Every structure is written in C-alpha cells, then in structure tokens.
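Next, two complexes with subunit A in common: one pairs it with subunit B, the other with subunit C.
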Partner chain A sequence: MTSLFNPNDVRLITPELVLTISAFLILGLSVLPDLGRKTWAPVLAGLACVSTLASLLSFVWMFGLEALRTPDMTIGFNGMFILDAFSIFFKVVFLLAAMLTILVSARYLEVERAHTGEYYALILFAVVGMMFLASAGDFITIFVSLETMALSFYILVGFLKTNRKSNEAALKYFLLGSFSTGIFLYGISLVYGTTQTTVLGLIGISRAKMALQSPAAPIFVLGVILVTVGLAFKIAAVPFHMWAPDAYEGAPTPVTAFLSTGSKAAAFVVLARIFSMGFLPLGQRWATLLAILAVASMTLGNVAAILQENIKRMLAYSSIAHAGYVLMGMIAVGLGDTVETREYGLKAVLLYLLVYTFVNIGAFALVIILRREQVAGDRVADFAGLSRRAPWAAFAMLVFMLSLAGIPATAGFIGKWFLFGAVVKAHYAWLAVVAVINSAISLYYYARVVVNMYMKAPEGAARLAPSWGQRVAIGACIAFTLVFGLYPQPIIAFAERSILALAPWAS
Partner chain B sequence: MPVPPVHALVFSLLLFAVGVLGVLTRRNAIIILMSIELMMNAANINFIAFGLRSHDLTGQVFAVFTIAVAAGEVAVGLAVVLALFRNRDTVYVDEVHIMKG
Partner chain C sequence: MTPAAVVFYILASLALLSAVMVIWSRNVVHSAIYLVLTFLCVAGVYIVLRAEFVAAVQVLVYAGGIVVLFLFVIMLVNLAGTLGPRVRVHATVSAIVGCAAVALLLYVSASGGLDTDFGARIDLSAQGGNLQAVGWALYSDYLLPFEIASLLLLVAMIGAIVLARQKY
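Our next item is the complex of A and B:
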C-alpha cells in the first residue's frame, strides 16, 4: 500500500510550481495602478519561462537523460505525474513557444490598445496546463490540465474585448472546445468503467486486452472512439476542424501563433501518451481511425487553404493539413510490427512538432509586424511588394513558407522526411503518396505569398517598425529553420533520446 | 438495493444524447452551454456508478474534479457570451457570422 501523498514528489513539479507562482505574481501586480506595466509584464513573464527552463534542465543534469528514458525513479503522485525524457522534450517545446510568443506580443498589444499584465499571466497559465499535460500519466491529470490550458486559451482568443471578430472567435472556440471536452470526458468514463482504472500504464498492460474480451467490449471501443474524437477536436483534424479557421482569424495574432503551435503540440502529447501507453493493444484499430482523419485533414486543409484571401485563415487551414501530416507518425506507432518502427514514428512526431513550432510562430510573427495603426495587415494582398519595402522581412517570410512547404535545406523538410519514412516503414506507403501529393498542392498557396512579396508592386510606402523583441523572435526562428535544415543531427538526436520507452509487450 | 450499473449506463447514455442533440440543434449560446453541462454530468454519473460497482474511489474523485472544472468552464463561457452580447446585442450563434470561408 503506497501512501496517498509523498512529500518528496513535490520536487518533480518544481518547474510547474515556479511558473504557476510567477503567473499569480504577474496577475497580482497587474491590478495595482499602472507602474510602467508595459515594460515589466513581458520581462517578468520571459524571466519566468527562462527560470522554469533552467529548473527543468537541472533535472536532466541530475538524473541524466538515460535514466529519464525509463522513468521508474521519476514517477510521482502514485503514477499521476511522470517526469520522463518524453515530457521534458515537450515542456522545452512549450516554453520556447511561450517565449517566442511573449517576444512578439508587446508591440502588437499596444497597437490593439490591450496591453495588460493579465495577458501574460494567461499565457503562463496555459503553459502550466501544457506542462502538466506532457507529464500526465492518469486520465484525471490529463483532464484537469487539458482544461487548464483550454480555459486560458478561451480567454486569450477573446482578449480584444471590443473587437467583434475576437468576440466571435472566442464564442466559436469556446462552444466547440467545451463540446469536445464533454465528448472526451464521456469517453474517459466509459474506459474507466470497462478497465476499472484511470492510470494509463495500468490500462495498457493487461486491462485493455481483458476489456476487449469481456462482454463489455463494445462499450470499451466506444470509449476509445470518443476519446479519439475529443482529441481530434483539439488538434483540429478534419472533420472536427470547424472552429479552427474562425478562432485563428479572430484571435489576436500572437495568440493565434501560440494556439497553432503550443496547444496543438499539447494535444499531440496526450494523443501519443494515451495511445502508446493506454490503448496500444488496440493499435491496429485506432491506427485505421487516425488514417482516415489524416487523409481527410491533409486533403481538405490544403485544398481549402488555396481559396483563402486572409493569411491567418490560410495558415489555419495549413495548420489543419499539418495536423494530418503529424498523425502519420502516430499511425506508424499503432501499426508498426517492430518496436523500432513504432519508436521511429514517435520520433518523427516529436521532431515535426519541434520544427513546426519555430516555423509557424515565425510565419505569424511576420503577420504581426504587418499590423499597424489603421492597417489590419492580415490579407495575403498586404504582403504585396514586401521585398521592396522590407527586404529582410520578405526574406524571413520566404524561409518560413518554404519550410512549411517542406523544401529541402529547411527544417520543415527534415520533419516531413521522417514522417513520410515512418508510414513507409509501417507498410502504409499509400498514405505517404497521399501526403506527397498534398505537399505539392500546398506549394501553390505558400508560393502565392512569395509571388506577392517579390513580384507585385507595393500598395503603400509605409515602413514596418518591428520592436526589438519581434526582431529577436524572427531572427531565432530563421536561424532555427536554416541551421537545423542544413545540419539536423542535434535535433534528431534530441528527439531520439526523448521518445517514450515503449514497453516490450508493444510488439 | 444499489442501482445496477447497466441502468446507470443507459441513463447516462440518454443524458449524453440529450446534451449532444442540444448542442447541435439549439441556437442560443446559453442553452448550448447548458447542454454541454448535461454531457459532462452524464460522464459524472458513469464515473460514480462504475466506481461503486468495482468498489473504487477513483470514480468519485474524478466526478469531484469534473464538477470543479465545469464550474470554471461556465464562468469563462458566460464571460465570453457577455462580451459578445455587449458588442453585438445577440446570443444566437447563427447571427454571429462575420468570418466565413
């Protein structure tokens, strides 16, 4: 009999505690009369992220990545919290995404007249939710942290209270988001009923098989399907994507950037964790389900993106298509006949989400700097002649568009290479063919932005005035995309060491 | 005599179906919010009934967490609807359509 609470476990959640306390601090300070809030709030939020990252890396230094790969000594709270290499990888991704978002936010919010401390507190709360999500080993932790993240995002999407588009986006995102939560929760309750546990590790080892052979098998399968549908809403996979274009278009652009990277990666963490720890014995079945979602997402996402005039909406459909690509890695996890294939699929998912975070936040950062007084700057046409008005900005956007399309010598190519390889290894080559055709389609709308920038005359002569934070963020994203596009070994090794240790019963 | 789990399951399935139908057919954002609450409460009934059957407290603990989270969700949801109502004078979701495509 283990005790209910072991005080030693608290050290495992130090990074999250640091972040939570900082978020409350920012929230508390922001109700005080304005003491130069515009400068300290982002600085404090950035410092909080940096110190959280430091305390996270101190774990790696203390235990070593190898020990974290097989996480016996780092499971806390009776299996509810798992601090393994897999979770650390994603926590690093979330923190980097949050830092980039904070860097690009300040100037944008000043233009929108919505620069307050609460914004940064909410960003940090969302990151806390994501970080707990990455470590969750139990459906209770998963549910509560998923909601922590989602509730913060509902508010962030509607943060521009007087902007009608922002109101509308928040309403749609909230209604469909909580609808999906209801479905997800009902799925969990059915899985709990048939397996009698909410601990993922316990479900996977024997109870999933037992539940499948019992008379209650249809209820268990229904539970798995409902859980899949709930998560498909969160990653915006077709046909559960309806909220994404509206939410992305109406939300403040930095929030859109964070939503499309951080929240998507967080949903994929849960997907990977639940399916490869809890439901692995059902691999064949859920892989078929995910394959349908993947094909639909890639095809519809890319075709609909062609028709868009608004660049935020275009990137929203592109992000739906990218969710389809990432699902391919999960399909390899479910279908692979050897542990190597399964781990290859997982590695591809990790790698792609890391790369996508930098590339997509970079692309949205360019949309953010086009937003000026009286100029919304979110149409594709607003990019016309950017190469003459701001050559460096045009070059940055060129790099990000090429990387999203998956052109070699950019990081996006490396990510796609592994994903396509994963499904080929899992003998699902037809899916790779579909994905390649889709990448060719996607080239059309990414190239349209480039053509607008380089081959059309500028509409106005207004100069861009990015803040230093925005310059740093865009510079970091370009550096990441190009450096790791040409020399990808470090990030491949990082992903390789961070994959979940799939148990031997996996094969 | 305790209620058999099958009865509880059938009841919760019906409740869940009413919730889903409400979300899909109603136009008033507040009523959609109430339907979502029905869906979550259907799950709560499952948690408690299944927990009782297998003499496991996890189900009840989960239900308590769900209730707390649902309360938070209502708070955020009403705030979102209120912000919309101030700007647009409507809570009907089919009247909210600036963005299309």
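Our next item is the complex of A and C:
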C-alpha cells in the first residue's frame, strides 16, 4: 500500500531546496522597480554564485564528508529519490559548472545588453533539474527533471532576443529537443508496458529478465532502443547531433559552456543510471548500440571540427567527439564480464566528465573574454597573435587545447587514459584504436588555435578586459587542469568511491 | 471479438486516419480540426480502457486548450506564402525513415507480445474510482515528480515572459 509523504525526506533534498529558494529570491528581486538594471544585475549574479556555494556546502553540512566515502544508499520519496555517493559526485560537478558559468557570465551579458536576473534564475532552475536527475530512481522523476533542465536551456539559448542567430538556435534546439523527448517518452512507455514498473531498481533486479523471457521481449528491446535514442539526442551523439553546432554557435557563449558540460554530464548521469541499474541484463545488446554511436560521434565530430572557422562551432563538433569518447566507458560497463571491468568503465566516465567540465568551460571562457563591443570574437582567426596581446590568456587557451587533445601532464590525458583502458579491458581494443586515431585527428584543429595564437601577427590591437569573476574562473580551470594532470590521485579516488554505491552488478 | 475490441479498432483506425490527414491537408485550419478528431478518438480509447480521468483530461487540455491555442496562432500569424515549395530530397529521406519506423513498429507488435484483451482488468472502485486513485498516486508515491513538475511549469512561464517581453 502506498504510504504518504514522510517529512524526513525533505532533509534529503536540502541542496536542491537551497537553490530553488534562491532562484525565487532572484526572480523576486529582478522585478523590483528599475533602479537601473546596471546596479541590480551584478548583485543578483553574486547572489546566484553564493547560492551554488551554499548548496555545495549543504552537502557537507547535511551528510558530512563521511557520506562521500560510504557506499550507502539513502532512498526517499518512495523510491523516487536516491541519495548516494554517485549522485553526490554529479551534483558537485553540476554545481561547480554552474558556479564557473555564473562567474564568466556577468561581463558578457553587459556587453550583449542582456544582463537581467532571470538569466541567473534560469541557470539555477537548470541546475535543480540536473540535480534531481542525478538522484532520480524511476522513469517519471527522470522525465520530469530532464524536462525542467531542457526547458531552462531552451530559454537560455534564445536569451539574446535581438540576435537572429540566438533565435534560430533556440528554435532548432527546442524543436529537435521536443522531438527527442517524444521518442524518449515512447521508449519509457514501452518499457513500462512490458515490465509493469517505472522503478529502475526493480527493472534491473527482476523485471528486465522477466520481460526478456516473455513474448513481449521485442517490445521491451524496442523500448530500450528508443530510450537510448532519446538520450543520444541529449548528449549530441551522431547521428542525433544535428542541433548541437547551431545551438552552440547561436547561444550566448556562457550558456554554450554550460550546455556543453552541465547538460551533457546530466544526460550521461541518466544514461549511466538507467543502463547500469535498469538495463544491465541487456548489457551486451546496448553496448553494441553504443559502440556504433561512439564510432560515428568520434569520427564525424573530429573530421567536421577541422572544417570550422567559427570557434564555437569547432568546440561544438569537438564536444560531439568527446561524447563519443565518454560512451566508451559505458560500453565497458555493458560488455564487462567482471565487476572490475564494469567499475573501471564507470569510473572512467565519471572522471572524464569532471575533467571535461573544467577544461571546456575554461576554453569557452577564453572565447567569452574575446567578445567585446563591436567584436564578436568567435572566429578562430580572432585568436591570431593573442600571445602578444595577452600572454596569460594565450597560455590559458594553450592549456585547455592541449587538455582537450589529451596531451600528457594535463587532466584531459588522465581522463582519456582511463576511457581507452576501459574498452581494452572489455576486449573491445579495436574501439580504443579508433579512439586513438581520432585523438590524433583532433590534434590538428586544437593545434590550429595554438598556431594562430603564437605564430600569427595580431589583427587588432584591442586590449582584453576580463572581469575579476572571469579571471577567477579561468584561474580555477587552469589550476584544475594542471594540478590534477600531474597529480590525479585525488580525483581518481573521488570517482572510485562514488561508484561503489551504484553497484547492483556486484552480485 | 469482444465489443470493447470492436470499439477500440474503430476508434484507433479513425485516430490514425485523422492523424494522417493532419499532415496531408494543405490547409492549416483543416489540419487543426483533424487534430481535434485525433485527440477525441484517443480520449475514446482511454474510456475503453476505463481510464475516465485521463480521457477527461485529454478532452479538456488537448482537444480544448491546446488546439484552441493552435487556431489562435494560425489566425493571428499570416501563413499565406510562407509554406514555400516542398523540398524533394528531404521529403524522400523522411518518407524512407518514416516507413522504416512504421514497419519496425508493425513487426514488433506483430511479434505477439501485445495484450489484446481490451477490457480493463483493474477494478478501481474500491479506491473510490479513477480520479481518487490518480490523486492518491500523485500525492503519495509520485509526490516528488509532482512537485518537480510544478517547477517545470514555472520555468515555462518565466520563459514565455522573458522571451515575449519587449525589452530586457
């Protein structure tokens, strides 16, 4: 029999509540009489940044640092909400990504004359969606949280109302996103129809096997495929990537940074949760499906990135390729015949998404500070001679490009090392070979940016004027990339501990 | 064939037929009217399945609210001349992909896993009927998604205001 609401469950969602309440506060403050948007907006940016920090600290306050070390799983709201180290890991990633995004946003929005409180409220609502997604224990919660996140992003992508590219990007993203939502939902309905439950744990423990042995097996498999397709849209894997270059190019650059890291990580957390908790009995089948997606994404993403003149489009294709790399970790989870292989694959996914968040936001932050009055600053050619105009900015971009290419001594190398190792462990060495060849291809277009910065004469002499928030964010990203590139043990240990809770395969 | 099955097949084929007409007809107002017919037939299917509450919501929200909104947009926005020529290549590719998808669905449903017993076997009268059962589920098991959904609607509302407002 169903039980009613348990007040103790509210405790579990404290970090989400902190963010929701501050988003309400920001919304309330942003409708105050026009004291000059100029005076209010920076205050709201500060408030948004503080609230992400408060949310982050509330984890420590609520659960203590011990919670991150134990493989315990706290289930609340009748199985709808799972709080474990796995979800906390991703919530930390989302909050850090949001914090960095907010730090780099303020100056950019002033230049675009679109600096309002609603922007920050929507960023926070997107994070709330992502955080619930990380904890979702059944398909209904997954769907509702996924839509909360996606809807916030549709609006954020089109936030520059007077910019036609932004309008176009938002419309394309919205239409293709809704379409993929429909496919995802259809998949869920078929899975529900054949398993009689939406709870992931239940599907994984018994119902998936039952459905596979019943006459309804083809319907169940079709449902799994449609769920995969819906999520492939969200991570922008080929052939479901069409929206990404246009949306990334047209969106305000801080939103692009957040979209390519936070939203992608959120889609991967669902993928990991659904496939490792619910659909593990079909591991072999969906791993094959993901392998096709991974090869297509890596190859097309890297080859298309070479042809781009616009750096936001180039990074969009690079992010498609990176989705392909991360999928390799999930393939190891599906194929792995031992618990170690599966854990290794999942660990690689977590590690890579954490690293990628910092590196990619850092790279986009450089594109953001090149945007000034009259200068769009989003062509690769705009980086020409940057080493002479702004040596530190050029050095930062160098670090991020090397890290995205996966050069040793940067955090990107560590991430790739584990992903490639995972597929080798799962006896899919050919996939690792494909990935290595692709990494070599990707060197070309990352190096092109570096060549532009260091070996070409500057086109204009305009100085860069990053705000202190942007300096802090870029500094944090560089520090992360280099420190954990040379000494990766802490983040490896963090990822290792986080997957212990998500081990239904242990049996 | 049970009477329920007969009613189901009539409603389902009518729904499919009018869905095809939605994309077939060149007049957008006709498309919208066919859409109403599709929604009403689906509502009928829900009644056959004894999901009266869902059927009522289907009529109120979809056939009522959403299509009226469609008609408003169609009448406010002048669509004459904006349709343009049909792109041949896209149409061909879409046709192939669409037919393949339909074939796959037909193959899967013909594989025999589908339940063809149309009368609902779940008796909800003990729980006070359909509406009460839905209410119970929403406020007990599904409380969290229900609350997140309210956040979702709020975001949609903010988005509409932000994007439609004249200045920032």
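Just so we're on the same page, the second predicted complex is superposed on the first by the 457 of 507 C-alpha atoms of A that agree within 3 Å, B and C clash if a C-alpha of one lies under 4 Å from a C-alpha of the other, contacts with A are read in each partner's own complex, and residues count from 1 in each chain.
We adopt the following convention: contacts are C-beta pairs under 8 Å (C-beta built on N, C-alpha and C of every residue); 3 or more make two chains touch, one makes a residue touch a chain.
The structure presented is a predicted model; accordingly, all values stated were derived computationally and were not measured.
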Which of subunit B and subunit C A:Glu147 touches, first, second, both or neither: both
First, second, both or neither for A:Ser55, with subunit B first and subunit C second: neither
Contacts of A:Thr20 with subunit B and subunit C, given as first, second, both or neither: second
Touching partner for A:Ile155 - first (subunit B), second (subunit C), both, neither: both
Partner chain(s) touched by A:Ser467 [first = subunit B, second = subunit C, both, neither]: neither
Which of subunit B and subunit C A:Tyr192 touches, first, second, both or neither: first
Touched partner set for A:Ala114, first subunit B, second subunit C, both or neither: second
Touching partner for A:Ile219 - first (subunit B), second (subunit C), both, neither: both
Subunit B versus subunit C as contact partner of A:Ser178, first or second or both or neither: first
Touching both subunit B and subunit C, residues of subunit A: 140, 143-144, 147, 151, 154-155, 158, 161, 219
In the complex, subunit A residues that touch subunit C: 2-5, 13, 20, 27, 37, 76-81, 113-116, 118, 121-122, 125, 128-129, 132, 140-141, 143-145, 147-148, 151-152, 154-155, 158-159, 161, 194, 214-220, 222
Subunit A-facing residues of subunit B, complex: 5, 9, 12, 16, 19-20, 23, 29, 32-33, 36, 39-40, 42-44, 46-47, 49-51, 53-54, 56, 58-59, 61-62, 65-66, 69, 72-73, 76-77, 79-81, 83-84, 87-88, 93, 96-99, 101
Complex contact set, residues of subunit A against subunit B: 139-140, 143-144, 147, 151, 154-155, 158, 161-162, 164-165, 167-172, 174-175, 178-179, 181-183, 185-186, 188-190, 192-193, 196-198, 219, 245-246, 249-250, 304, 307-308, 310, 313
Subunit C residues touching subunit A - in the complex, by the definition given at the top: 104-105, 107-109, 111-114, 136-137, 139-145, 148-149, 151-152, 154-156, 158-159, 162-163, 168
